[in-house]
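Quick one: the structure is below, and I'll ask about it shortly.
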Amino acid sequence: MQDLLYFIQQLINGLTIGSTYALIAIGYTMVYGIIGMINFAHGEIYMIGAYTALITITGLTALGIVWLPLILIVALICAMIVSSSMGWAVERVAYRPVRGKHRLIPLISAIGMSIFLQNYVHLAQGSSNIGFPALVEGGFRFGPEDSFQTSISYMQIMIFAVTLVCMTVLSLFISRSRIGRACRAVSQDLGMANLLGIDTNRIISATFVIGAALAAVAGLLLGMYYGSIDPLFGFIAGLKAFTAAVLGGIGSIPGAMLGGLILGVAESMTSGYLSGEYKDVVSFSLLILILLFKPTGLLGKPEVEKI
Amino acid sequence: MAAQNFKHALFSAVVTLIISYPILGFNLVSEGISVQLEGADTFTLVGVFAAAVVVFLFQLFRDTIMGGLGKLPALNPMANRPPMPQRKRLKVESVLLTLMLIGALFWPFIASRGAVDLATLVLIYIMLALGLNVVVGLAGLLDLGYVAFYAVGAYSFALLSQYFGISFWFALPIGALLAALFGLVLGFPVLRLRGDYLAIVTLGFGEIIRILLNNMTNLTGGPNGIGGIPDPTLFGMEFGRRVKEEGNTSFHETFGIAYAGEHKVIFLYLIALVLAVITALVIRRLMRMPVGRAWEALREDEIAAKSLGLSRTAVKLSAFTIGAFFAGFAGTVFASKQGFISPESFVFLESAIILAIVVLGGMGSQMGVILAAIAVTILPELAREFSEYRMLIFGAAMVLMMVWRPQGLLPMRRIHIELKPQG
Amino acid sequence: MLEVKDLSMRFGGLLAVDQVSLDVKEHEIVAIIGPNGAGKTTVFNCMSGFYKPTGGKIVFEGQEIQGKPDYKISRLGLVRTFQHVRLFSKMTVVENLLVAQHRHLNTNLLSGILNTPNYREKERKSLDRAAYWLDRVGLTDMANREAGNLAYGQQRRLEIARCMVTEPKLLMLDEPAAGLNPAETKELNQLIISLKEDYNVSVVLIEHDMSLVMDISDRINVINQGRPLASGTPDEIRRNDDVIKAYLGEA
């Protein structure tokens, strides 16, 4: 019984982290699906979302606003606007001019952008950890009073709910809206979509904006969940999310969701049963193993090399 | 057209405000456990709005400005000059190189101790960048975990000296070979991955090695690192005030001169110089050999290279291993120079800096990479008040370089090969 | 010297090549023709090891080579060109030819780094071979240009020269005349015949230019929709009703 409760606890923690990874992973997977590049700066866009959210929350509190839902919604909207704008600008400045050049060139440009953004926030906000207020506290507990109890906090429930809403909206958007259809067309064949009169530049921008907005949501959620942020925290989270995207099959949106959840659970199981220090080792090893044995991921389509 | 430009310009300006004002305009300040918000100073705010105005004007007159920029080369008197003939260029280059080398040899005897120390660091970066240049510039394999091999070199020396008392001169080849072995073992499975996947996997490897170094506290001392790494000796002569190892003599006593701390610094500098020159020469040779040509062929067109009988794995692996070898070399020298190493010195940023050097110098170009290594290491030291902007400028430079001049400052030049006339 | 027996290649549900057989004897030029999408290049890709065929056998000089890695097949002396020219475009023309000769060169790193006399001798020989073939395809003046900057016809010729410096036994040309003007096609025509006559190389080629195919081929294999349709001498093919139907039907 004890063991089972402990296991369930790890599972809940894993799914919580995993669903935020999935939110970030969407950005990687959509961009990769459309222009075939790894948006290395995506982790930083998520980090900027978290900072914007914290700035908004602190600002609103200072103004004397105490109604929690209002604070959260305003913070979420501000974070999404800033991150999306950043995503749009990054694509315009660093990626569009090098699109179509040799594979390494956009990638190096993206690494440069990632370093730039990290240091941009570092210079503006300092390098130290900043505490993120725990706005949502409390939760449910299960199990016997006198020994290990499984707990699920309201924060975790909120993360699940928000992720679920975001994913549903995204799926509807992709399958129903005009831009969504255009997105799918462009990811199938960019040149052909262009010929058919789809403004591909606009669609690519839209991809970056959507990915960044979801990353901002994750930024707010994870910032609150972890309780502190710093300019470097986008980098590792970005790598994890990328791993999730690859795990699920890069280019596939359901794959990103699945990959995120699996990775989150794998990490929390490592922390729970082995040691927290090795959870990064486990996720990187997982990434390497997938790339070696199933580079198309769980739900990805195989790529045929053309001669 | 004008209306559209105006709309776009306005949009860009608003985006500029959105992405800069919240982050730059408000500062989060921790006070105990609570966080406060402070407005930024007027200077920053003026800067933010000025940036928006600049973006607005630039986008509004974009066509005119870009047209003007296009004409700029015409103003450059050098632009229309025919390129120097091959012979003359080679001569100029070799004279320059000789002068640089002579300058480098005399440097420690005219410069201050700090300057010599910095120059040693420059040489270490030159070694690293030349090694990475083989992997990225020539073979076209984007390795983002290069620093791992640097760490292997440094840690093998540190551990070997700590546990087995092995001296610098033995550790140097061992460190380099161990790093090469790591390159071989890690490279074997991952090198069949496509470019950008390879980049991520190598990054993952780099991080794994750093995390392991951090956590295998019994062996590596964890975050506290390893200290007391011995200095190199010169034919059994030590450079310390007192002889540490039995059987050794001390440098200053042997030559009957007064002890001076500079001797050690200069000696290390000279070792680094010799090793850097060896690195440059060996790689220069390799570039002109079949293996060097095979690296480039694989970078240019994998399928064609395979169709001519080149084994993709063998060629890539050779580049990866040789790159790792020189990183191990540099790592041993680094450990010896610092006397103390910890995982802190081997973070991803270090890989990014070395990559930036290769990219800025011009991928594949040895001369460019050497100059870039000097610039990237020395400039932040010269402009200390700007040193916190160093990484910001790095990032921006990498992006700008890819957008405007992906071939780097001093692009690689092809080797001219004279053929016997057919008769 | 080369025998392909019942070669099949399936991509998922699509049977791109179905039971194709062909053989090439020493000192022979054999053409593979057929409408677009007939599976000719797929046959080539199986023969050169880029694809692992799902069925059938490929025997080269008594050795089964189906499913062997591409670089090993090429080392046996079975070398190909590509439908879309694949040069090492940032490397110079000579370097393109030197890369191809890596097997003739000492692969020992140390002797190269030390530049031993033995190594220099080998390097000189491969330079001579490169110079010879550059002269042969009329590219001597371009020797130190970047391959990517050559005109299209020159790139085609360089690709053939690059195969020839490896001293192949069998050369596979994938649409060598595509994109060439009539004068260039004529030159190519002579070059291919000379490869056979003067250098004793057998040639398999895929080609759409019928005049070229009819002029130089000893035998022709026709493939239609992945299946063999006919094979024989140019004259036999010209008179074959099925072939006429397939071609007219397509037009």
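In this document, chain identifiers A, B and C correspond to the written order of the chains, with residue numbering beginning at 1 in each.
As a convention for this text, a contact is a pair of C-beta atoms (placed from the backbone, for glycine too) under 8 Å apart; a residue touches a chain by one contact, two chains touch by 3 or more.
Note that the structure is predicted; figures quoted are calculated from it, not measured.
Undergrad: Pick the chain whose C-alpha centre of mass, unweighted, sits closest to the average of all protein C-alpha coordinates shown.
TA: B
Undergrad: Taking each chain's centre as the mean of its Cα atoms, which chain lies farthest from subunit C?
TA: Of all the other chains, the one whose centre lies farthest from subunit C is A.
Undergrad: Just curious, how far off is subunit B from subunit A if you go by their C-alpha centres, in Å?
TA: Computed from C-alpha means, the inter-chain centre distance equals 30 Å.
Undergrad: How far is the middle of subunit B from the middle of subunit C, if each middle is the mean of its Cα atoms, in Å?
TA: Inter-chain centre distance comes to 42 Å.
Undergrad: I'd like to verify one number: the distance from the centre of subunit A to the centre of subunit C, where each centre is the average of its C-alpha atoms, in whole angstrom.
TA: That gives a centre separation of 48 Å.
Undergrad: On subunit A, where are the residues touching two or more other chains?
TA: Counting only residues that touch two or more other chains, subunit A contributes 307.
Undergrad: Going through subunit C residue by residue, note those that touch at least 2 other chains and give them in order.
TA: 50, 82
Undergrad: What are the residues of subunit B that contact at least two other chains?
TA: 303, in rising order.
Undergrad: Give the list of subunit A residues in touch with subunit B in this complex.
TA: Within the complex, subunit A touches subunit B at residues 37-38, 48, 51-52, 54-56, 58-59, 62, 78, 81-82, 85-86, 88-89, 92-94, 97-98, 101-109, 111-126, 128-133, 235, 239, 242, 246, 277-278, 280-281, 284-285, 287-288, 291-292, 295, 305, 307.
Undergrad: For the complex, give me every residue of subunit C touching subunit B.
TA: Spelled out, the residues of subunit C in touch with subunit B are 48, 50, 69-72, 74-75, 79-80, 82, 86-92, 94-95, 98-103, 105, 107, 109, 112-113, 115, 127-128, 130-132, 134-135, 140, 143-144, 146, 162-163, 166.
Undergrad: Mind listing the subunit B positions that touch subunit A in their complex?
TA: 12, 15-16, 18-19, 22-24, 26-28, 30, 33-37, 136, 140, 142, 144, 189-190, 193-197, 199-201, 203-205, 207-208, 211-212, 214-215, 303, 348-349, 352, 355-356, 359, 388-389, 391-392, 394-399, 401-403, 406
Undergrad: In the complex formed with subunit C, which residues of subunit B make contact?
TA: Listed in rising order, the residues of subunit B that touch subunit C are 282, 285-286, 289-291, 293-294, 296-297, 300-301, 303-312, 414-417, 419-420, 422.
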